[in-house]
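So, here's a batch of structures to check.
Shared chain: chain A. Partners: chain B in the first complex, chain C in the second.
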Partner chain A sequence: MHDLDPLILARLQFAFTISFHIIFPTISIGLALFLAIVEALWLKTGDLVYRQIYRFWLNIFAMSFGIGVVTGIVMSFQFGLTFAKFAQLAGPVIGPLIGYEALTAFFLEAGFLGIMLFGESRVGPKLHFFATCMVALGTTISTAWILAANSWMQTPAGVAWDHGRLIVTDWWRVIDNPSWSVRLPHMLLAAYLTAAFLVSGVSAWYLLRGRETTFARRTLSLGMAAACILIAAQVFVGDHVGTTLVKYQPAKLQAAEGWWDKTTPSPTPYLWIIVPDQAGQRNRFQMGTPYFGSIWLTRSLHGTIGGLRNTPVDQQPRMVLVFYSFKIMLALGMTMFTIAVISLWLRWHGRLYSARWFLRTLVVMTPSGVVATLGGWYMAEIGRQPFVITGMMRTADAVSPVPAATLLSTLIAFVCVYAVFFGAFLIFTLRLIRRGPVGLPPHALPSGSLKRDLRPEIAGVQPYLSGTE
Partner chain B sequence: MKTRSRRTSALGFLAAVLTGLAGFLAFNVVDGVFGLVESILGLVVCIAITVFVVQRSPPPEEEPDA
Partner chain C sequence: MDLPLLSALFLMFALTMYVMLDGFDLGVGVLLLPQRDQQVRNRMVDAIAPTWDGNETWLIMAALTLLAGFPLAYGILVPAFYIPVVLMLLSLGLRGVSFEFRHNSATSRRRWDFVFAGGSLIAAWAQGLVVGGLIQGVDTDLDSFGGSPLDAFSPFCLLAGVTVVAGYATLGVGWLRLKGEDATRAFARRHQRWLPLAFLGMTIITGAIAISIQPNLAVSWRDHRIALSCCLIAFAACGLGIAWLAGRDDVDDRIGFGLALAMMLSGVVALGLSFFPYVIPFRITLWQAASAASTQEFLLIGALVVTPVVLAYSAFAYKVFRGRTPAEGWY
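== the complex of A and B ==
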């Protein structure tokens, strides 16, 4: 037990809990917007298929929301218990930001979530839609606060040292720090893309089995249309995140691109596979696409960039982890872009719902958003090392004086408890998907629409229709 | 007849390759390879093409089954 490093264990524990946590907010942020759009379409058109879609995805949203809240609370405690010195130093900055996030979550999300989940037959359709929109807004504002806190750790601003403590000199600069304005839309788009590929993948699964075709076609149509717009926006925003890194966190970008040289060869290839030797400050093996390093990183055919040797050795992140986290995110983003282009092609030719190879690809891509988001976060967090607050506090100085045995036992406990959480989530979600959406009323037309004069007679939809007829 | 179907499939293949190249170009334009203004324009064009294709393509219920 004496050989175990408390710093590594503390980092592992936090990495595990935050990796697990981020899966669920990512899904719920994306699904909240999807549900708001679907309910708006239902109110506008009165087409019952939209209500079917809403109800089906509401269950999965509620589960991911619940697990996201529970696992998020754990992390707040970890700041104090595992990284007490960080909490002591950065508490005046991070504390209020996380506090605002909690306030937003409680007042907007939790409050309106009750109406969203249980209010369908108790409130009018417009109020129910308003509740859905408030939940979607709440998740967005929560994201903004959390990203403000994390981005401040990446690119701190608006603070000053005062007798060994950090004091806030400008709250607006703390929130609108140099990376927040690009990382917030990057994360929101990641969440929306996650939802788009999640709903598209599940719909493709139904279509491959010839089940719930009306529901699945409509959902797939919505999901892929959204994915086409979102992935283009994500590529645009992602480029601006890279530009911010060049200016404020060059070491992270140097590690992400896999180059060690003070100046790379001209033209610079774009590296896809490397076997880095951190101690030797070189790559044992590397493979890339000629010219694309220059084109993508310098916007010229023969431009060069600086490698990780430009950063002092004691301030370098682990290249292998940063590089492959980034490449996984990038590769998945490029795959999403390709799928978006193909979906437009198939839609134009009337084969979006019948090209089985494409539907199978979508099923495989169902968790792609979650994996890409995890890749992005690993790059962001590991790339900031060895600092917990860039340039201000090292992670090694942030850890609480907790024995390694305690950290190891709590890590094992977290793994066990979260495995149960994750197992339960997967079992219930897969069961919901296998069961399928609740059927349409018998009066529904094949498209899901109801004859206008029949609508008020359909039990269960009366509350919705009373405000729209 | 056979010549016609071969020509149709060749044209389809060519169109697919051209779409792929257009997609690759779109990625690079939006990614900012050609500059900020071009990337903003590229993004707007991508959104416009999506809206156009979604509006002009047959509704989900009218396509043949998988």
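== the complex of A and C ==
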């Protein structure tokens, strides 16, 4: 096993555990806000459909939150397991940021999650709503801190070198580093969009089958309305993220746009498909839309941009990975935008719940938010390579002194255990969706119970159901 | 002001909170193994379901305090305990998702209960491996770990792992007796008679071997002999007290659990004192491993301001779910 490269294995293990992890916070950040809104609507209007929506999504939220927690604990050790040298250099900078995340967000979420899931009959509706809001607030605060830590790795600021160590000179500049204020809203919007398309997709599936129509129409209406606002905001914020890249991480953007030339031809086409040759610093094949690159990237008909050859070879990221990660995110974002526009048109004509082709598209788009978010993160993280902290530390110098064989065996162990998590999550979620909110009494139970109704196999033996069915 | 010392105290505080709180959660998980009755198992899991997440967060807090306050030590210790840490993380993960998955399934619930119990057992045992590894010493090579990933699997470490399992199970029965009714409580009562004695005995054996394989420990114990004697007397007294009270029904169940917490606390304090002032025992002191003052200050301000708030609403969460777990569960 001596020919295995610890660097590759460490990167694979970190990438796998963090990619898997981010799926679940993305879902739960979005669903937490959705649940808070729905519970507020229920309290305000007393309309029982909102309560049904809350109950239905609470269980799926709980599962994704649970997986997010346990895979998140892994991340707090993963810095040391795979990149101990990075932890020793950057621990004094990002350690307190993530420490504050635990103090101000993890405990908040954990403290109120129990009440949100199990406590309604014990605390009453107002306090229960407060608990839901605290969980949603916790997920937002958590995003702010972790984005501060990651953005600092992208665009470090507020630190000085001192005998080979990093010393923080200005904490506010560490947190409000050049990319944090654009990447934070970008990630929050991504999470909200993920939830919007998740709930809309599931509702569309019910409408296509003519099931749970009241429940599904209300959810779809909420989800698509949210999607319209969110995607408009995301286009705007995404553009600002790009502007920040031009200034602080040009190599990432050069790789993401797929050009090698120091100056692109005028007018510049917008590239969609490339087969890059990293060693030859050229594309073997490329295909794009004429003029579109100039128009979009320079806001002029004949403007040009710089390609990856502007960056020294030993500081270039792998173009093929960055390019396609970005294009996947971009293509999904554009699809979401189109769907949002169509939804407005259909809503205007009263066909939002009946246009079957549209509903089918929404079903396909159910996981689109997760995929787009992963694409964005791959672009961000691979685009920063070969650095782990831009300009300050190379990833190759950050690896833990752990034998390759050990890294490989734990990578396999993580893959196996996470496959169990993912499989079980999918099976239970699909089962809950197939079962649907039907069978629930349309009114609140005297006990205030929220979750009992949703336990699929057991629901039949519930006293109130056996009495009424 | 001695900032690294304050950070080390906060680290010890977070670790102690973790060991006491998640200790009883893990202990309840382990106790699912000898329990065959599905109804009682449901009650056992219900007794910890609303609050386990917060308890486990103290582990993250401790890890991040080590990363921020003592990055040198974090970068040595985590690779040194690479395999036990991964074992612990995977087990905690399997156990954590089992809460939701067992709840969502009736047909496969037994299987998820087994995963839950096995995950709790291995997580507890892996934490014990780390304790054992710290006592026997970690090989360092300048700023890096210099030993082998299998160092933490010496016979002594395996034994320390079992001791920690016994300790968590002692906490677990205390909690179950407090929260359970009827069969659950009777089950807890039965095991409460022998578990604290087993924990006490295992600790004495582990301690005796520890002193023979780690000469620095004897030096350290001489330096702190008064404080350590107090801890050990308290530890033994609590263990004997729990076992003695376990058979009596005229005593408040809270006393048994309180004594278990006190027993664990005195054990953790004794261990901390034996290592002081080292963060990597007998090699690197906490001042050598500490990060710069700007980091310590920032971290400590957060810790001092926010921790009281965290403790306040965590206590509120416990208060909401006070009393015995309802026979039909929380749902």
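Note that in this section the second predicted complex is superposed on the first by the 435 of 469 C-alpha atoms of A that agree within 3 Å, B and C clash if a C-alpha of one lies under 4 Å from a C-alpha of the other, contacts with A are read in each partner's own complex, and residues count from 1 in each chain.
Quick note on the criterion: a contact is a pair of C-beta atoms (placed from the backbone, for glycine too) under 8 Å apart; a residue touches a chain by one contact, two chains touch by 3 or more.
Values in this document were obtained by computation on a predicted structure and should not be read as measured data.
Touch criterion met: A:71 reaches chain C, while chain B stays clear of it.
In the superposition on chain A, A:19 makes contact with neither chain B nor chain C. Shared-chain residue A:310: touches no atom of chain B or chain C.
By the touch criterion defined above, A:80 reaches chain C but does not reach chain B.
More residues of chain A are in touch with C than with the other of chain B and chain C.
Judged by the touch definition given at the top, the superposed model places A:92 against chain C, while chain B stays out of reach.
In the superposed model, A:281 makes contact with neither chain B nor chain C.
In the superposed model, A:414 lies in contact with chain C only, and not with chain B.
Within the complex formed with chain A, the chain B residues making contact are 16, 19-20, 22-23, 26-28, 30-35, 39-40, 42-43, 46-47, 49-50, 53-54, 56-58, 60-66. If you check the complex, the residues on chain A that touch chain B are 207-208, 210, 213-214, 217-218, 220-221, 225, 228-229, 232-233, 235-236, 238-240, 295-296, 299, 334, 337-338, 341, 344-345, 347-348, 350-356, 359, 446-447. For chain A in complex with chain C, the touching residues are 59, 62-63, 66-67, 69-74, 76-77, 79-81, 84-85, 87-96, 98-100, 102-104, 106-115, 117-119, 122-123, 162, 165, 167-169, 171, 400-403, 406, 410, 413-414, 417, 420-421, 424-425, 428, 431-432, 449-452, 455-458.
Interface of chain C with chain A (complex): residues 49-51, 53-54, 56-57, 59-61, 63-65, 67-69, 71-72, 74-79, 82-83, 85-86, 89-90, 92-94, 96-97, 99-101, 103-107, 141, 143-146, 149, 291-292, 294-295, 298-299, 302-303, 306-307, 310, 313-314, 316-317, 320-321, 330-331.
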